[in-house]
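Below is one structure, written out as structure tokens; comments come after it.
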Amino acid sequence: QSPVKVAGIHSSPVENAWNSRLHVAMLEAAKRGEIDYVFSEGIAGTDYSRAMREYAEQGVEVIVGEAYAVEREARQVAGDYPDTTFLMGSSGKPHGDNFATFGTWNHEAAYLCGMLAGKMSKSGIFGSVGAIPIPEVNMLIHGFRQGVNAVRPDAKHLINFIGTFFDPPKAREAGLAQIDSGADILFGERIGTADAAKERGIKAIGSLTDYSARYPETVFSNAIWNFGAILAAALADRKAGKSNGQEYTRFGLMKEGGNDISYVKSMVPADAIEPMEKVRAAIKAGEFEVKIDFSEPT
Amino acid sequence: MTDIIDILFTVGLWSSVLRIATPLIFGTLGALLCERAGVLNLGIEGIMTFGAMIGWLAVFQGADLWTGLLVAALCGALFGLLHASLTVTLGLSQHVTGLGITLFASSFSYYIFRIAIPAQNTPPTVEPFQSLDIPFLSDLAFVGPALFTQTAPTYLAIFVALIMAYLLARTPLGLAIRITGENPHAAEAQGVDPIRVRYGSVIVGSALMAVGGAFLTLSAFNSFFPTMMQGRGWICIALVVFSTWKPSRAILGAVLFALFDAYQLRLQNVLGQAVPYQIFLMMPYLLSILALVIMSRSARVPQALMQPYRKGER
Amino acid sequence: MRIERRETQSRSLMFIVPLLAVVASLGLAGILIALAGAPVFSAYKALFLGAFGSKFAITETLTRATPLIVTGLAAAVAFRARIWNIGAEGQFYMGALLATLLGFQNFLDLPSFALIPLLILAGAVAGMVMLVIPLGLRLRFGVDEVVTTLLLNFVVLLFVSMMLDGPMKDPLAFGWPQSVPVVDEGLLPKIVERSRLHLGLIIAIGAALLVYVLNSYTVFGMESKAAGFNPMAARFAGVPFEKTLIKVACLSGGLAGLAGAVEVLGVKGQVSNDLSASFGYAGIVVAMLASLNPIGVIFAAIFTATMFVGSESMSRTFGIPSFIADVVVSLSLITMLVAIFLSNYRIRR
Amino acid sequence: MAEPVVLHLDSITKRFGSFAANDAISIELRRGEVIALLGENGAGKTTLMNILFGHYVPDEGEVYIEGRKIPHGKPKEAIAAGVGMVHQHFSLAKNLSVLENVMTGTEPLSSWRSETAKGKRKLKSLEEKFGLLVDTDARVGDLSVGEQQRVEILKALYNNARILILDEPTGVLTQQEAEGLFKTLRAMAKDGLSIIFISHKLHEVMSGADKVVVLRAGKVIAERNTDATSKEELAELMVGRQVERPVREASKPGDVVVQARDVALHAGSTARLTDITFDIRAGEALGIVGVSGNGQAALCDLVAGVAHADHGTFEINGREVSHMTPRDLSSMDVGRTPEDRNSQGAVGELTLWENAVLERINDRRFSKHGFLNKREGRSYCQDLIDRFDVRGGTPNSRISLLSGGNMQKLILGRSLSKHPVFLLAAQPTRGLDEGAIAAIHQDILEARKNGTAILLVSEDLDEVVSLSDRIMAIHGGRLSPAVDAKEVDSRQLGLMMAGEWGGLG
């Protein structure tokens, strides 16, 4: 059977952590021979719908990307190409039979990371560095905080938004500012945060992707998000002739394998691991739910 | 309330300030040198981006860090040569050419980067400059850790600023540069070739800009990301005016700007998100405009800035 | 080496030289395309087809050219009077923002033909304010507007971001920073079925004609040039100097604001942080390509859009990095500027 | 004449496009000699000197200095060979100090330190030796025009110039300053310096030079020793025909047209004009003389409607006009020609016709409802071109392509076209050649005959004496009492300009 033709349209360069999760998942699927993968990156909002149409015209079967800034237009394009599946990160609803949506839910993993962090901090002050306060960033940071609070109810939380998705040196400065305010564990929604931790010899947590290899000794755990699970689900529905007009966010849940914690055992005290693993199992079994909070953390 | 003021007396704030200021100092000095010779170089944003990319790429390919900076400087010089050819020799409009070069240099650096480093998860890293302690100075209380635990390029930036201040004020070459920026005909009449002076200034100035960019990827951070320059170059253009075209004040301007940035990040931790973070980010720009208004009377713009000079044309 | 102004511009030269410029920039881009491992000549073909190969491609190219025409006019008008407006980007966003603010509900229950002009006008007014402020600083305090207009761009972008996070946030966007959408009656009608090409193109061309008439046939056009080029002589001849420059600033800023309003009403329907693909900055280069001639701006904008749309599409056909699009655009802009220069000047040994 | 030849220009040819600005020009200059280069506007004098100094590259010919061939197009080589040039339009950096302007380029650029103390000593000693005193630390922009010119000369001397070139050095100087300059030049020549100066003023040429070289249309027409020629001969050689300045005929002034009473004008807290009181009658010309910087510019601004009086009354035909704009004045048929044609008189980027109609663009003839009537504008301009003999352009050419004289004729023409009741003529002939001066004087006298009241502000005393009925001097922003032009002598005028008018009426 020939591989499915898939195109990624990334509005940022694919180094952006979020895009890189889509990108890597699709590269892997391509390596396994399931899909043929092409992509465009750094596509401005004005040009996004054109990129969608051009790929659709080229005969691409599944287009993966982000509709956040082009919700209306993206659905219009989907309407014009009923045979193409559009799998889009979106805050809105699915549309027709071919416009599939997903959100980025790795708050469960963030919760677990928080549980580890809560046990490891001496100062009890925790910093988070985010890009801009959009819902998916907010829920992630709330997830982390809930995890911390679960094991350390008196925790104090700091937050910085750097106002842009792409300024690692600035994320680093934000991290340093938090360390100066007493934080000794940083949750880095943005790359660059861990650099601050590394410089001051404290510990950090990565988000979406695994930063432990990049920052050994510094990043002890990561709230991993696996886009692969969502992609696989959407591809399977398409293959089975089922409608793609659904929300695939749920495949990002831990019980579906869509997000999980990865941590470096040697860096974490044993007494922290045990309760965390218990919760992890509970989440996977559907017995524990991490509350979702979209509001802007303060 | 006291928290807000206390921040000013933390070591971390001040060591951040110098680090944030360093690329701005390089960029501002570069733009300042060009403008002192009468050439506005709006290519700065792109040239800094290219410097950030190529310096990092060189180190990633095995060069040592100083070679990386040198490669960045050389490439910056090449863009300077391009800008000078277009604006000095051909006399094309300086700001339009500059914007064109910014578009070219930045998109070109993303393109090269993507070809050299195929898209992957997170970009690879290099081992950046380590902070360099200065004997005695670094051991001082407060001042030591606040100011003297920087990486070598930061000290270099300050050194370059002092050199440039001396050069402009006290040497025949500096005088030649200044008079070219004031009235190229006067330079020519004294046997100083304004075209060569402008070429030289734009080339060296652009090299400095590129070094400023490379600082971001070789010292402040350790990888290159497309679009990571985030308007730092434009800030330098403002800082040149803010510093009334004086290198020593360029340090001051850059530090003030960096102070704002570092301060607002810390203020967020004290005040929380009660005030939209955008307000803080706006402050440096608004204050620069305010400073321009206040200083406008005393600022002496190089009189021939943006005026092309063609030999034998009146 | 010496450079001399040509006494006469030969027609054939004015035609051939720009053509050579396009060839030169494509040649340079060819090297980069080959570097990425794509077949160069097929790539050129793909570039052409991507910009003009279908009705869709043509409408897309024109859609992308629309805001460029208007921001190009904004720059041309200002530069002609020696107002160095680098702030069209910010004026564009303010125009878009105000048009959206007034248009997200049809407060007065206006019909389309009344609501649309109202919203566009609002956008223009917002743009005006954003240029009149820095011009005022220049007239009053002698502050150079190159820097102030440039800096205001960043202030405006942050302001827009703040509005999108706060008061103007679209509740249905679940917090993603974008504004509430404009009501349907406020949106510009499409002029080609099943495409994005909207009435804005007609408005842009109309604006170009209007500016042409203003420049060439009115007292205002003559006075603005006089005031820009020689303030002292203009004053001596009784040109109301400050008033004239303020009028120019209103026109230039107004156009940039109008560009923003038209883009939001014609394409996106709502404001987001990436509404503009650097249209404000690109407009400056477009204006210069057109030698500040308002009719030329139309063609320069279409040329720029062609290069962008064509090469981005080409990058998708061959799977080469999409950053090539901006490289091709910037290369062709630079070579074109040189070409225009060479058709006016000659280089002699 | 045993002195050796220091400079030899050998058949220099320079073309701009197809036009030959210099056509096989050869000149020899000996040590200690002073040569005057004489010629109409556009004869090619500046071009020739620019070639000598290396600003321009000649198409043919060579420059020899002390027998050595000098490479073309390199001011640095010319300076090194001992040539110093004082440019027609000063080439000074206004924001830099005198010393900095002088020292530029005098030290190797690779040197790591500027020897400013040494430079200052050298400059001071030169200043004393030649009596060219200026404050070495002053900002050049703060100096008067005369001082700026001293700086230009000092620049050349500082470079050890042995050949000094001055392009229209007296064009911007007052008579006293000019006389001082020539005294200095004489002293320098005695010291062994060789000098070439360019001038349109015949009396300067006759008194200042040993030899005169006359250029016309890019060619050397004649060479004369000053002791073997006359002003009349030179004038004729220069223009190619006999020119005589027109003379003022006696006239009977009519009613008072212009009346100023106790006018004062301030700039910030400093007074630019104080107690300005004068009358001008129809058909009468009032001349204003003065050393530049004493309020002429302010007076012109006031009369032209560019500046407004803070005190006193200023009436034209009985109407208070001190708050009127330039356009109000134009519509009252007041003709105004500014002091400086390039910076105030014309917008270089606009065409002739646009410049011609700019000040009256709102007349119904030239625009309706804001739309231009280009046809009328052009035909109006063509009329001016014909009537005032403006050469070198059509209504559609850019005005910056006109020579100074022709530009001036157009500007004066637009002021005179409607038989003004009142004409302000400020420095109407500055920098112009004899032919152009004669034409412009003719136009002004014609207007006087037709009953226009004229205010003539000029630094050229001959001009003022020959055109005006009465003369006042301006000093420190105040006007002297008027004297009758027929009775005044130059000594008296000198005293008036120095502010000493105690003994006058």
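Residue numbering begins at 1 within each chain, and the chains themselves are lettered A, B, C and D in the order written.
Everything below uses one rule, namely that contacts are C-beta pairs under 8 Å (C-beta built on N, C-alpha and C of every residue); 3 or more make two chains touch, one makes a residue touch a chain.
Here is each chain with its UniProt name: B, C = Nucleoside ABC transporter membrane protein; D = Nucleoside ABC transporter ATP-binding protein.
Not measured: the values here are computed from a predicted model.
Colleague: Just tell me the minimum hop count from chain A to chain D, counting one hop per pair of touching chains.
Modeller: Contact-graph shortest path, chain A to chain D, evaluates to 2.
Colleague: Specify the chain most distant from chain B by Cα centroid.
Modeller: D
Colleague: Per the centroid of Cα atoms for each chain, what is the distance between chain B and chain C, given in Å?
Modeller: Going by mean C-alpha positions, chain B sits 28 Å from chain C.
Colleague: What is the distance in Å between the mean C-alpha positions of chain A and chain C?
Modeller: 36
Colleague: Round to the nearest whole Å and give the separation of the Cα centres of chain C and chain D.
Modeller: Chain centres of chain C and chain D, defined by C-alpha means, are spaced 46 Å apart.
Colleague: Can you pull out the residues of chain D that are in contact with at least two other chains?
Modeller: 57
Colleague: What residues in chain C touch two or more of the other chains?
Modeller: 2, 158, 161, 165, 321, 323
Colleague: Multi-chain contacts only, two chains or more: what residues does chain B have there?
Modeller: If we look for residues of chain B contacting two or more partner chains, we find 110, 114, 226, 278, 281, 311-312.
Colleague: Which pairs of chains touch each other in this structure?
Modeller: A-B, A-C, B-C, B-D, C-D
Colleague: Using the touch rule from the top, collect the residues of chain B that touch chain D in their complex.
Modeller: It comes out as residues 170-176, 178-179, 182-183, 185-193, 300, 302-303, 311-312.
Colleague: Spell out the part of chain C that touches chain A in their complex, as residue ranges.
Modeller: 50, 56, 60, 64, 158, 161, 165, 172-178, 181, 194, 196, 263, 267-269, 272-277, 309, 312-313, 315-317, 319, 321-323
Colleague: What residues on chain A touch chain C, complex-wise?
Modeller: 7, 11, 38, 40-47, 49-51, 53-55, 57-58, 68-73, 80, 91-92, 132-135, 138, 163, 294, 296
Colleague: Please give the residue numbers of chain C that touch chain D in the complex, ascending.
Modeller: 2, 4, 7, 217-223, 225-226, 229-230, 232-240
Colleague: Which residues of chain A touch chain B in their complex?
Modeller: Those in contact with chain B are residues 12-15, 17, 20, 23-24, 39, 41-42, 127, 133, 158-164, 166-170, 172-174, 176-181, 191-192, 195, 209, 211, 214, 296-298.
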